[in-house]
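There are structures below to look over.
Below, chain A partners chain B and then partners chain C, in two separate complexes.
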Partner chain A sequence: MLRKAMGFMVSNPLSGVVGVLAVIVVVASLLSENFLNSYNLVIIARSLAFIGIITIAQSMLMILGELDLSLGAIGGFCGVIGGILMVKLGLNPWLAFALCLAIGALFGLVNGLLVTLLRLPSLVLTIGMAGVYGGLNLVITKGVAITGIPADIGFLGSGKWLGLPVPFWIMLLFLVVGCFLTLKTPFGRYMYAVGSNLPAAKMLGIRTDRVRVGVFAFAGFLAALAGMLMVARLGSAQPSIGDSWVLAPIAAAVIGGVPTTGGIGTPLGAIFGAAIIGVIENIIVLLGVSPYWQSMVSGAIVVIAISLDSISRRYFKRD
Partner chain B sequence: MAYLTVDHVSKTFPGVKALDDIALEIEMGKVHTLAGENGAGKSTLVKILTGTERPSRGRVMIDGQDATHHPHLHKTVAYVPQEINLFGNLTVAENLFMPFSRSHRGGLIFRRRDIERDAKTWIERFKIAAKPGDKVRDISISDQQLLQIARACTNESMKILILDEPTSSLTETEVERVFRVVRDVVASGCGVVFISHKFDEMFAISDTISVLRNGRKIDTQPASRLDDRQLVSLMSGQEVRTDARLQPEGSGGEPILAVDGLGGRGFEDVSFELRRGEILGFAGLVGAGRSEVMQTLFGFLPARSGSVTLEGRTWRLGDTHRAVKNGMFYLSEERKYHGIFPGQSVRRNIGMSLFRGTSRGGVIDARRERDQVGAIVRDYDIKTPTLNKNIAFLSGGNQQKAIIGRAMACDPRVLIFDEPTKGIDLRTKMEIYRLMKALAERGVGIILVSSEMDELKRCANRIITMYEGRISGEFPIEAASGNALIAAIHGHEGGGHAA
Partner chain C sequence: MNRVGKGISLVVGVLASAVLMPVAVAQEGPGLEKADSYRFVVVPKVVHPWFDKVNQGAQQAAAAIEAQTGSDVEIQYSAPQSANVAEQNEIIERAIATRPDGLIVDLLDPSGNRTVLNEAQEQGIPVTLFDSINPEGMSLTTIGSDFCEQAEMAANRLIELLDGQGKVAIMMGVPTAPNHAERARCAQAVFDSHDGIEVVATGVDNDDINTAQQQASAIMQANPDLDGWVASDAAGPVGIGQAIKEADKVGKVQMVGLDDLNQMLVLIKDGVADSSSASRPTMQGYWAVMAMWQQATGAITPSHIDTGNVMITPDNVDEFME
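Take a look at the complex of A and B:
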């Protein structure tokens, strides 16, 4: 009976990751009374907002069977470009913001064109491009932050609406956009087709290169968005923005049911994966784990979480 | 007593009874054929024999002992899968002895010279036309098939050899090579379980034939006591109409596709015309370049030279999107690699070509999609428990019907079938033949690439033969019997350009 009920739950691809998240939240609230405190929840929501936007981008690429390891570098570089446009050139901050999103999309487009036209593996190409974008960032800034970002856009990074940070709402908005695109449009179906079987997609007359380039560009746009929101929040364009946005979103997507091999999963699942990582990192800080141990402990918990998910799938789902 | 006894085995999967009270005996020194339509339970039975699946009820007795309690007994059952399952970048010798645990110094370090010397005896015994040091991807498909069998036989404890459609990608002359090896294995005292959809092969090689249908064993008979007609009705449970001739009527329409001097990967100077409403057959050996010609025509492979006109207009090659949009469709022989989207539901697989009718303003209407996919599933008699079933779990015949149904939804005017009935049972085959005929009679131009002479003679209005990348003859169907056609397939002079 229990087995049957569990089997039904596992047949919904999201229930595993939601279940793990629920367990972790319950355990976290038992371990620390500060966990469910509204101040703490806002902290979690804010960090989830930035990692979440990159996770949406990365999970859509992973559905295609691609990866972009330069998203963090694109975010950081676009933030710096935004700082220069606003502070050094005195451009209208809204115009600068929009320009930076376009530039991010352009960087993503370049990645996509290189991957499709030259038939390069995206993993290797984007490691290289991360060096290029990150390097340009350092050449321009010499490692020094650009301060004095106009206060007009400050609320985008540090404002609140209905008690939650504005970046979190923006992340939710683009989660809806990403899910709509992948699940409700022909373009989204083509993404799954490409990720599941590229030659078969070509044989059906799907323009596979356009689909791939399109998603790369969208991912670059989202990376720039995360970068600019971070600039708005900090009030300065730090060259180091985006440095920590590379591996966590990939882990989040895998935890959330999007394998690196592509073809299955959704951005929504990936966001739940990001939430799991976010909660784990938060509770470790709350419990006062020594900073030296933090990354080891959170890494180990991530490994345990994905193992539990995979084992329960194998045990309950026999098709 | 038989070496292996299947003792009233049943196997249930959630929602499906795959095997129902099967009883069989496999004897040493005999070839026992399992016959049945797609989805009859042959694969599940094989998995139980090899120990991959455990019976839900009943037991498998091997050498007088219950194999459920002695799993090591399953090691005496060697299995050769239908698909080529070799390491293409490794050598023939390495593939034979992978994972090197048998002899060869415990497998820790191996000396190339040692394994290549040992490989020689196997290569000679199985008459494989390759050297031990050749890379497997460079040897022919039939040699790869023989190598797979040889590899299974390197298992010293082997008593039973299971061959799952070992001939499905081979031409008739190559099949005989495999059969010689099978007879050799039987002569050495082992038992062979043989699975095929081709009747002539079953009768040529079997001692005993067991027929499965819907998970039950219908009958076991000595092969000599059965004929085609009886076997068909046992397998399908009804009379199957096997029309001798399924050529479309009135095939003298105007040319729809004209190919002039086409050259590309592995072929050159290919010229022919396809007329509206005809089925044009392409015959040849495996590797003659037929699939490459078709894939180049479709835009999947790059063309090197030549020109093509579609419905009187010059046709630019090299773009599958434009081909599909203009009504040209290619259905690949490689269902798994070029056809289905594994991991995706039947609904998403078929829905992939329906967006013109199922989406409004760029958004897919879920209900329209369900209705239209449902209609295709009904029309083409695709057997699936629900539309949300992962297509990878459907039988090959049902996958093929799904792919054809999906292509039909695009209103094709030129349709290229590449080995459309590979690994498909007779009843479904006949359905596909009748479907092709009906399409042609509606004015579609159809190209049929096939390695089965019987299929070509039954369906095609004309047959073009290819040999080593060139067209070697063209025959109207009335002239397609006899030696000239066979000669043209094998590249001998005298292949008549009758048309």
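Take a look at the complex of A and C:
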């Protein structure tokens, strides 16, 4: 029975991360009576929604063997552009929302074109582009938030549907889209081929640059979506939106089985990784851990979670 | 009992009720509710030594309430790791989930924090603000000092030191933080009102000492004839002081600092800074807890408690050293 369960764990790449998440949830619910209350579950879902959308984007890039460290900056900048369109220019909020998603896709496209045409490492290029988008954000706003966002779009950030936050449902929708794209379409198979072995993928006739640029553009679109949902949530376009969306999505994707080297993993696994980080951050605050210890405790638990998953896989494979 | 006796009894009963009734009402009135324990959550803008002083004040107030009433008072200090509104909102939401008796918050941005403050109120959790202003349409009790007055005190002191003539620079903190922006704006207004004073540069340090040092060094390189500095955040003057020392300009470039971090006080003692216009974070933490406790007892608290500003100079700096 145990061997059967372990065999399932080894054969199913998601089982490890789901198991770790389950253990953390059980421990968290034992440690804090507030963990499983409905309000807390809603805030975990909402928190997961924003970081989850960026995680989906980053995990798809990581399947290609790429990274985009400017996704947070794109999200923040698109949020500010949305604020200007809605508040200063009086544009219809829904039209402004759609325009910002297109602008986000355009920024992602620019990143992809620069990576592919100039043959630059995406890690280095997107660090620079994060500075460009973040800098433009500060130039336009002078660091001051744009307030007076129309209430029409507030529902997208603060509303609930079937008891769960609307951003969470939107994240789930794009998780399905991301998983379908990567796992069920020829485009997805090309992504894995590019991530596994770029020269071999080229020799097979795959238009590798098109695949890479396409995923960068989709990632930019998702970053803009997260930024605009956050604007709707806060009721203001804060220049600081996206500042914390840089490292956590990469860590989430790695925990969820998407290595930075590319070629394997799924957006679904990455979301489970994001959920692990989200639950840990939640329980740390519920337990009243000192803010000076929080980063260390959170980081250590993430390292332990990855290690346990990796060790158990190696052990049972060998056995 | 005859009819007269019944009448007397009735009158006595009514009179007794009239006398006793105010006592009964008073026991349920403002400030008379009592609990065996209270738990208040303090959420500052970010992990920062200035807010550690707020926490110290909060702990002092908790100890005072415990000593005076016998009730247990727990202060849970929960700070965001970075000055990011979304992150602060998540911390506040997680705090709400623990059902505290009150939330004490320093808002990073009133408009951006408004939704979660509404959530707290919907959940029946009282909120008190410190070092910040009310979001539009809300009327929570606020504790703090007048940011503009604090900046004006510093700017006027620097003008006095320069005899009304010279080139000065302003170090901004986090541009999105309303109190930092207000201080910078008020200092600029004071300088603009003096013909002999020219503001030649404005730096942005994002409330970070290293950034402040780099910015101050660059600004002093670009403006070798700079005469003086003021700052808009607590980290700024500490970085400026280090830059002044590194550039060997102690005594040549004047600085009037801000707030009372220990590093700032050492700069005054060492003669690197002339003085510092300080708010009182310990007092803000103390009175924030007191206000929160009063609300928990059913009392109505004032709309604002002014903890005031003080000018720390070499003459009184020892009073502030820990």
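In the analysis below, the second predicted complex is superposed on the first by the 313 of 319 C-alpha atoms of A that agree within 3 Å, B and C clash if a C-alpha of one lies under 4 Å from a C-alpha of the other, contacts with A are read in each partner's own complex, and residues count from 1 in each chain.
Keep in mind that, in the parts below, a contact is a pair of C-beta atoms (placed from the backbone, for glycine too) under 8 Å apart; a residue touches a chain by one contact, two chains touch by 3 or more.
The structure presented is a predicted model; accordingly, all values stated were derived computationally and were not measured.
Chemist: Does the chain A-based superposition show chain B and chain C clashing or fitting?
Modeler: The answer is fit.
Chemist: First (chain B), second (chain C), both or neither: which does A:N34 touch?
Modeler: second
Chemist: Who contacts more of chain A, chain B or chain C?
Modeler: Result: the larger residue contact count on chain A belongs to C.
Chemist: Applying the touch criterion given at the start, work out whether A:G263 contacts chain B, chain C, both or neither, answering first, second, both or neither.
Modeler: first
Chemist: Quick one: classify A:R207 as touching chain B (first), chain C (second), both or neither.
Modeler: In the superposition, A:R207 contacts chain B only.
Chemist: Let me test your reading of the model: by the given contact rule, A:M230 touches which partner, first (chain B), second (chain C), both or neither?
Modeler: The second partner, chain C, only.
Chemist: Scan A:Y192 for contacts with chain B and chain C and give back first, second, both or neither.
Modeler: In the superposed model, A:Y192 contacts chain B only, not chain C.
Chemist: Quick one: angle from chain B through chain A to chain C, Cα centres, nearest 10°?
Modeler: Superposed on A, the angle at chain A reads 140 degrees.
Chemist: Pick out the closest CA atoms of chain B and chain C after fitting on chain A and give their distance in Å.
Modeler: 37
Chemist: Common interface residues of chain A with chain B and chain C?
Modeler: Correct list for chain A: none, the interfaces share no residue.
Chemist: Under the definition above, what is the set of chain B residues touching chain A in their complex?
Modeler: 13-14, 298, 300, 320-325, 330, 332, 337-344, 348, 351-353, 355, 359, 362-364, 390, 393, 406, 410
Chemist: So in the complex, which bits of chain C are touching chain A?
Modeler: Per the touch definition, chain C meets chain A at residues 47, 76-87, 89-91, 93-99, 109, 111-112, 114-115, 123, 174-176, 181, 204.
Chemist: Of all residues in chain A, which touch chain B in the complex?
Modeler: Against chain B, chain A makes touches at 184-187, 189-190, 192-193, 196-197, 199-207, 263-264, 318-319.
Chemist: Under the definition above, what is the set of chain A residues touching chain C in their complex?
Modeler: Those in contact with chain C are residues 32, 34, 37, 39-40, 43, 46-47, 50, 138, 142-145, 147, 158, 230, 233-236, 238-241, 243-244, 281-282, 285-286, 288, 290-292, 294-295.
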